[in-house]
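The two complexes that follow have subunit A in common; it is paired with subunit B in the first and with subunit C in the second.
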Partner chain A sequence: MEVPRFWRETRARYNLEGVRCGNCEKVFFPPREVCPDCHRASIGRMEKFKLSGKGEVYSFSTIHSAPDYFKDEVPYIVALIKTDEGPMVTGQIVDWEDGEVQIGTRVESVFRKISEQGKHGIIQYGFKFKAVRRALK
Partner chain B sequence: MTEIGIVGYGAYIPGHRIRTGEIARVWGANGEETERNLGIKSKSVPYLDEDTVTISVEAARYALRRCGVDPGRIGAIYTGSESHPYAVKPTSTIVAEAIGATPHLTAADYEFACKAGTAAIQTSMGLVGTGMIEYAIAIGADTSQGAPGDALEYSASAGGAAFVIGREKIIARIDKTYSFTTDTPDFWRREGQRYPSHGGRFTGKPAYFRHILTCAKNLMEIMDTSAKDYQHVVLHQPNGKFPIRAAKQLGFTKEQYETGLLTPTIGNTYSGAVMLGLSAILDVFGPGNRILAVAYGSGAGCDGFDITVTDEMKNYKLDAAPTTASQIQGRKFIDYATYARFRSKIERGGE
Partner chain C sequence: MRDVAVIGVGMTRFGELWDRSIRSMGIEAGLGAIQDAGIYSTDLEALYMGNMASGLLIKQEHLAPLIGDFVGMGKLHLPATRIEGADASGGLALRQAYIAVASGLHDIVLVGGVEKMTDVGDARATGIMASAADQEWETFHGATLPSLYAMMARRHIHEFGTTQGMLGSVAVTNHYHGSLNPMAQFQREITMEMALESGIMADPLRMFDCAPLSDGAATLILCPVSRAREFTDKPVKILGSGLATDSLALHDRETITSLAATRIAAQRAYKRAGITFRDVDLAEVHDSFTIGEIMAVEDLGFFESGKGGKAALDGELRIDGSMPINPSGGMKARGFPPGAAGIAQAVEIVHQLRGDADRRQVKDARIGLAQNVGGTGATTVVHIFEVI
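Coming up: the complex of A and B.
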């Protein structure tokens, strides 16, 4: 990913910052300029909205054959997370044990390294998820 | 004089652990003997996607979750570490963005071996105390490395803590800070080198002990106190032995040093060490408890702090984030081969 593109998306990637339509109050992530339901009525009324990072596993897949950068992390889980605010977010699940991640498992976001552009490029950070019980006392 | 102190704090320790005996097994050393000599049973290991930035961000988020300070009112972030992921490009700017504190603040990274985090606390105290800013966040975090087979490999671990420093709603007042600094080359890492070097036994008496003992004694002399005036003491802990020996020489008892001594289970978290020990004490002990904290950084210097827990601690939302104790035991023990992969000591394709 090009540096400017990553930089433009930093707030969304670091803080799960999406938008809420000022007209119908529906929340979107990643952020978008126009509400697909309200169209022109939403123009100029899309407000920044930070997701709580909490949600549940809607579906998931365990990756065994990975792109180059992620090869060292196999097997790892990529999941669709149904966030409490509504948007479906794709993310990696970390710190899991066999059988722990199921459809419906409660998760919360964590801040991790996503990838890096080789030894000389920038390091890309962002959200991943972990099962909620791991985060409790 | 304006009171300055800790308004909030958070700790983060990666979940993986490796036992001293497992490292000893690989290098042909006696595991039990090594464990006994170092006073370290296991150490924390960061996963492939954890580094000083991610540890710092999680610790800072935990701290803010508990104290409720609006990130927009944070005027400075300083992160102390000897393992910043970038040689040029601050850890602190990434932390600032990730906690929503940008853009109206100052930020910088510190390096002073294992005491860079406490140096960050002192700088924060200065800015907050003079009224230049309302709040500052001081972080000490590391994912330190020891060369394969070196004595440091048994201790160099990962973890960190973040402290929000302010003037209002102080949960632990910093009564005084005092530093003792000399040019003592006991441990170093040259530019571009992957692993640090050290002076072996030279790291003991003329380095760690001279600085820790002098700093602690001078601070107590300034405060007109002795060991019995403190309920707790936390000293830098490069291994499980040095801090106990130093604490005893200063007149402290086991009851006073045991809560803040984390190295036997998590290893030496370098810039995180004293700050994690302090957070472990603050997690448990309420108003009125007085703490002596002395961080040591090779090179060399010590930052000493006289800290008193205030009544405001009763209102502190400790439960809003995981406690230090809940993270100490770790989640999963790994073998040396897995550890070597996590720490990039072996790499796919042999790069």
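Coming up: the complex of A and C.
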């Protein structure tokens, strides 16, 4: 029964909802119960904090050899995104063109299907990222 | 704390061992070490077994008593414990066995590592290896272990000017070492062209930047140094053991071009051993990916930060170089059964320090180091050995 495992993370996955330490104001994603800097002083003081989804590429890799659930997606890009609010987030970059994704590329989050648990399993959704392109004038 | 020595080693050849089961490999490596130490299985007081993923790979948990039974110790009712820390499971098991002997709890202990990888297909094995990373926040998004190391490699390239050729030279060197090791999975040399033109796994990492997923087992016998000469003329003392951890997920690290767990585990091991990196004659390091070896030689102190790639390219990591690394062929060429990897490193160091490493012997080797990493660096175990 895999549904609850994914269902209980949906708030964070659908909304990029992390936490901010009420003691030092540092932001964390995914959510944590304890601030690794403030320890006891942070307990019970980690407040919900929604990331804007904006940030830049810190590093990335185009995957050509994938596990079962992602086999049909290759090649796909997984990246570390340094968000504007501070936390580094792991996610896919979608809708990319060759050479478009580089270290430093500005990205924003989009809501997408992540994977399917086989033919009869659940479909999982969450955030991915795409490059911010300048609007044509 | 008592001083602890390795008095016997055993291992299977690593590779795609279609005709071997997890128990048959455990038996071969276990009996090999018992024979090498010249002990009887009735001399053993405890068994520690490193294994990463037998539950996911072959649906068999409860491995330590199983292997113990088939090595012939079933009727001894020995304490037997399985230890897991992804591909650092072997190193972790060695540390637990070391602590058990050092503390005085046990005298003669068997510590092994084993993995049966090839009973599942490549895609499934890739998914199982990725369970060493954070399943909810890395793997969920499609990240694989190669892709996480690839992101470290890309940053290393970006920050230090490391090149694909430098990564490739790690593979070329380790395949050269593997060609000298009759127990290695790959005993053929490769050229730089082969490395640079091999298929892309997760760019910038290519096939030859990645260790294979192998079957295999390796075993050591430990005892107090005070008793070691009852069994062998060339005991190898464990000078120090260091263990450090870090966040499981790469995205929670301060830096991804260096493993804090390696730096700290090494400091702890050097301190315990009373030596510095300058005293180390050779090392077996965690080269599950070529970038891992480059970071390791920097994090262990052998080369300055950002200079590991150049050292590899310049041949300094060869057995005849200034700092011989992975004389066994490493995980890249000797093969990579995740749970056995850390023990196999120790087996190689023991051979080198005893002076019985044949064609791949490093000259005048007295002090050797083994660095075993779990996942992307959430666990690193460092052991330092000296022939006495």
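Here is the rule we go by: the second predicted complex is superposed on the first by the 132 of 137 C-alpha atoms of A that agree within 3 Å, B and C clash if a C-alpha of one lies under 4 Å from a C-alpha of the other, contacts with A are read in each partner's own complex, and residues count from 1 in each chain.
The rule is short, and it goes like this: contacts are C-beta pairs under 8 Å (C-beta built on N, C-alpha and C of every residue); 3 or more make two chains touch, one makes a residue touch a chain.
Please read all numbers here as calculations on a predicted model, not as lab measurements.
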### Room on subunit A for both subunit B and subunit C (clash or fit)
fit
### Query
Of the partners subunit B and subunit C, which touch A:R11 in the superposed model: first, second, both, neither?
first
### Task
Would you mind checking which one, subunit B or subunit C, touches more residues on subunit A?
C
### Task
Could you look at A:A41 and tell me whether it touches subunit B, subunit C, both or neither (first, second, both, neither)?
neither
### Query
So, A:D72: does it touch subunit B (first), subunit C (second), both, or neither?
first
#### Entry: First, second, both or neither for A:P30, with subunit B first and subunit C second
second
### Message
Quick check for you: in the superposed arrangement, does A:D95 touch first (subunit B), second (subunit C), both or neither?
### Response
first
### Query
Just subunit B (first), just subunit C (second), both, or neither: which does A:R112 touch?
first
### From subunit A, separation angle of subunit B and subunit C (C-alpha centres, steps of 10 degrees)
140
### Task
Determine, under the contact definition given at the top, whether A:Q124 touches first (subunit B), second (subunit C), both, or neither.
second
### Message
Looking at A:V132, would you say it contacts subunit B, subunit C, both, or neither? Reply first, second, both or neither.
### Response
neither
### Where subunit B and subunit C come nearest after superposition, their Cα distance in Å
12
### Query
Taking the contacts subunit A makes with subunit B in one complex and with subunit C in the other, which residues are shared?
71, 73, 114, 128
#### Entry: Residue numbers on subunit C that touch subunit A, as the complex places them
122-124, 126-127, 130, 136-144, 146-148, 150-152, 154-155, 158, 199-205, 249-252, 256
### Task
Would you pull the subunit B residues touching subunit A in the complex into a rising list?
15, 47-51, 53-54, 57-58, 61, 85-86, 89, 94, 97-98, 100, 319, 322-323, 326, 331, 341, 348
### Complex interface listing, subunit A residues touching subunit C
9, 30, 58-71, 73, 76, 78-80, 87-92, 103, 114-115, 124, 126, 128
### Query
In the complex of these two chains, what residues of subunit A are touching subunit B?
10-11, 14-15, 50, 71-73, 94-95, 110-114, 122-123, 125, 128, 134-137
